[in-house]
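We just call them A, B and C in the order they show up, numbering each chain from 1.
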Amino acid sequence: MSLDLDALSIRSVNGTALFQPLTLHIPAGDVVTVMGPSGVGKSTLLDAIGGHLTHGFHLSGTVHLNGRDVTDLPAEARRIGLMFQDALLFPHLSVGDNLSFGLPANLRGRAPRRAAVEEALSQAGLAGLYERDPATLSGGQRARAALMRTLLADPAALLLDEPFSKLDAGLRDEMREFTFARVKSRAVPTLMVTHDPDDAAAAGGPVIALKGLMAP
Amino acid sequence: MSHDGRLLRTAVLVVVGLGLIAPIAIGLWQTGRAAFGILPALGQDMVSLGPWHELADLPGFATSLRLTLVTGIGSTLLSLVLATGFCATVHARMNTSAGARMLTPFLAIPHAAMAVGLAFVLAPSGWIARMIAPHAGWDRPPDIATVSDGWGLALTLGLMIKEVPFLLLVILSALSQIPVARHMAAGRALGYGRGIVWIKMIMPQVWPLIRLPVWVVLAYGLSVVDMAIILGPSNPPTLAVAVTRWFSDPDPLMILPASAGAILQAVIVGLAVAMLMVAEAAVKRLGRWWIRRGGRGSSAEPGLWAASALVMALMAVGALAMVSLVVWSMAWRWSFPQLLPESWSLNPWSSAQDGWMRALSNTLLLAGATVGLSLGLAIAWLEGEDRARRSRAPWAEALIYLPLLIPQIGFLYGLNVGFLQIGLSGGITAVIWAQALFVFPYVMIALSDPWRALDPRMIRAAAALGAGPGRRLWAVKLPVLIRPILTAAAIGVAVSVAQYLPTLFMGAGRIATLTTEAVTLSSGSDRRVTGVYATLQAGLPFAAYLAAFLIPAILHRNRRALSGASAT
Amino acid sequence: MKLSLVFALSLLATPALADWQQTLDAARGQTVYWNAWGGDARTNAFIAWVGEQTKAHYGVSVVQAKLSDTAEAVTRVISEKAAGQDEGGSVDLIWINGPNFLAMKEQGLLHGPFVADLPNARYLDLGPTSPASVDFTVTVDGMESPWRLARFVFSYDSARVAEPPRTMAGFVDWAAANPGRVTHPDPSNFMGATFLKQALIELTPDASALQQPVTDAAFDAATAPLWVWYDALRPNLWRGGETYPANESVQQQLLNDGELDIAMSFDPASTAAAIADGLLPDSARVFVPEDGSIGNISFVAIPYNAANAEGAEVVANFLLDPETQAHMQNIEVLGSFSVLDPARLDDAANTAFAALPTAPALPTLAELGPTLLEPHASWMTRLTEEWARRYVK
């Protein structure tokens, strides 16, 4: 398993490229951290890889996942998980239903699906919270639920967009540990963008500085 | 990804083009032809300015024109000033969503029902006069024109009672996008009084956000028919009412000057909006000069309090009008100067039952169909934007407002001729279509902001979890947006219920709704039966608003983020 | 005996009546859209009753398209003609008379002649000068069928007014003594125009001139005294004559509210009916000017493109049935006087009319005095135009 970017670059509406073409190989279980000044297009890079680019941005280069070219696939067909600084649990679903939202459809039957979700909840220290309203969870609980939701979808790669920046300091370390442990055990290639050097240090993988072209 | 989006967007564009723009264009074209002398059915096929000369020579034309300008522009400017003043005074102390809920009855009640109630409250023999009568020693009502007065004051007041709450809502929602408290603190720290901070710092930011709604209010005020029939002067009436009457003159050739009047009505609205734009530019320059002078006068305070007091008074009169509808519908005899009916009876409800049941079911059918269509189209449009991942072009935004800015009378006659040519007039389909022209824009406007306010990352999260566009729409967006969707539907119901001219013109008088019946009955002798219809007419949109409030609260009762009072 | 029966049967088989059977057959299952002014609840209820009856007897349903002005229906037919819709029109039957009839007849917008085909037309006096043959001096020519009789009357509250004016001329002094307590509906409305016509007939030097189509010279000569009278009256009208009630219903409401002392109507029974409905005080009464008042007949007509013309004819015929007319004249139903010629009715029918209930505010035919003829329709148009020219500023 690996995530490969080949000469990936993004041009904005007025035709200028956001950063120098990026070529990157992320083996399974590795976390590559991309750092750079704000506004350089870190989030846009993740959008491009995940298939969420908004109208007006143009992509060149390719994204390969396990050797398969996914550049032209819609987001939902890429199997690339996405985590933000906010948990973004769906507010109309219970915690458990949030998790089962991403559960692959080929896992059939009410009981096995429920069991898979309950298992994930207890792994994340959320046992017994299946029916809870996500709005009533603490910040840490929410972050863990979001991660489990992403992992239950069985992603082939993971994108993390400043995943810990909104957590308070104590929780941040705990969440880093929790997240990276799971990435390692699942052996998914992971790309993280952040401007917190501690995130990069905790990830332990290579760090790439994204250089802007427009910056002086 | 984009194939799906493109198909949907093309479909939406075709529906909007054929369903929304084409009818208006055809209507204006047919009316325009008649205005310049082309009406083949009556053997008129020479282009001429004759209809315009005839129009100018019609008795009372100049007065009608003056009345239209005075009531339309006057009510809009006064409403704007009062609403602004009220917001400036109470905004800091007010819970916005609670305030919006208090405005709901005023927004829900159709103009015609409000007018029916006001006509009684304000009349020389009406409720206010009856309160004064014992103290003034009146045994018969004073001979003063307090409704249908020659200056259109009652009409102006009626329009203001409906428009001030609308503008309040619009301003409050604009204010929620501006850090008012911080601006206020900064301004006051620099030595400016509260009112002056509002005028110099906050209003310039609010105005671009409320400009279009103010245009809509202006266009409405200049071309209102139902309220003007009930509250406006009759001898002569405002231009829109006069044109409506000329269209139904026994002499069919009156259609020619009537069409010219209809086109003139559209031109007036265009000019008034242009004037507002010029005024805006002038105020901007003047204001800049004024702001640069740096005056710290705090003299706006008394004005603000006066505006708030006037707004409260308007609301009180409006509330009285609404209550009077219900009281009349349950009265038997209620003569001057009795404050309450001498005898009560539910007879008006039971004896007119067949009538109001039919009107009610027609109204429900029309509201259901138009709101369903409009909501479907609005969601398709917004979803199309999402799937194409682009925001709305300015021309598309303008398209949505078009039906609200062009006076109905300007194109309805022509549209009727157009509908007749394709064999569609006089039926429920034609009425649904014509009403949807006005329901769709409001539904679209109401839904656009909350739809866009939905966190796009949440939708991306759903996509990253493997949910395709369909599942993202049905399983995430629609359930999360249930409250704004139902609110938009309730607004749609209110707009549909209130439609008078489109129902009258397109229904060939066969489709009796609560509104057409209430307006017709308001020129009859039985205020009690009118009260029944107006009560129902006001009650229906109110019930829709209530449902829009209660359904999400029940549906999402265990979801704190969605069950609260605030939209989105 | 046998011979006479054969004779009678042969009469029944005359073409007209045989055609009627065809009309009945064609009409079965049709829904007739009757376009009628909808401002009067009792009339609306009567029309609904008519629909129930025709549905039961002939399979013809009636739906009332309620108008706020009859001209709306005329406009609708014109729009349909404008769009080339010469068949399947949306208007089947119109309650019409006067200028609207004249306009539709002149424009060729009417179906007919059809009145002679109606079996119940035998109860009508269709002589050339009979009120059923002449509508505002325009000959009917079988293009519209009568259904109710209208007489112009005033109503007043006898508890507040001891002595109402006795002539139209008397209104000037009465209004001067009671300023702001009397007015008339806007002359753009039928009733307002009738008030002016009533005064014109009384004040004009030669009333017979009004039966001819109007000319400029005749108009100036005939109306000069009217304007003198009106200029004297107007300052003391309600609201100083600056504004007028939209129609007689609004004026009746103003009478009920106590804002006015006098209202007017084209239906002598309307005051008694309004009292029964709680819409006027019990003390309300009717009066007519000493020299009589204008009377006319309300008709129904069928547009040339009506989708359900046969059904419309069946309804028109049903309206002329003696039982229908007696039901209509009942004060508890509508109270409108019958259009049938009593001389042509059989004893049973006449007895039914005589047995109808009465009410204190219901005038007798004798109290109503002589019927004055409507002027030619062109007078009304000129009169309201001239009024608007003079007084609408």
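Here is the rule we go by: contacts are C-beta pairs under 8 Å (C-beta built on N, C-alpha and C of every residue); 3 or more make two chains touch, one makes a residue touch a chain.
Worth saying up front: this structure is predicted, and the values here are computed from it rather than measured.
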Distance-maximising chain from chain C - centres being C-alpha averages: A
Highest-count interface - the chain pair sharing the most C-beta contacts: B-C
Intercentroid distance (Cα basis), chain C paired with chain A, Å: 81
Whole-Å gap separating chain A and chain B, where each centre is the average of the chain's CA atoms: 47
Chain B and chain C: spacing of chain centres that average the CA atoms, whole Å: 38
Complex interface listing, chain B residues touching chain C: 39-42, 59-60, 63, 123-125, 140-141, 143, 145, 148-150, 233-236, 245, 247-252, 255, 332-333, 335-336, 343, 345, 351-352, 354-355, 413, 416-417, 420-421, 423, 425-426, 504, 508-510, 512, 516-517, 519-521, 523-529
Parts of chain C lying in touch with chain B, wherever the complex brings them together: 33, 35, 38-41, 44, 48, 63, 65-76, 78-85, 90-91, 99-100, 103, 107, 160, 179-181, 186, 188, 238-239, 242-244, 246-247, 249-250, 252-254, 256-259, 274, 277-279, 281, 381, 385, 388-389, 391-393
Touching residues (chain side chain A, partner chain B) in the complex: 47, 50-56, 74-77, 79-82, 84, 86, 88, 90-92, 94, 101-102, 104, 133-136, 149-150, 153, 155, 159
Of chain B, residues touching chain A in the complex: 1, 388-390, 455, 457-458, 460-469, 472, 475-476, 479-480, 482, 556, 558-562
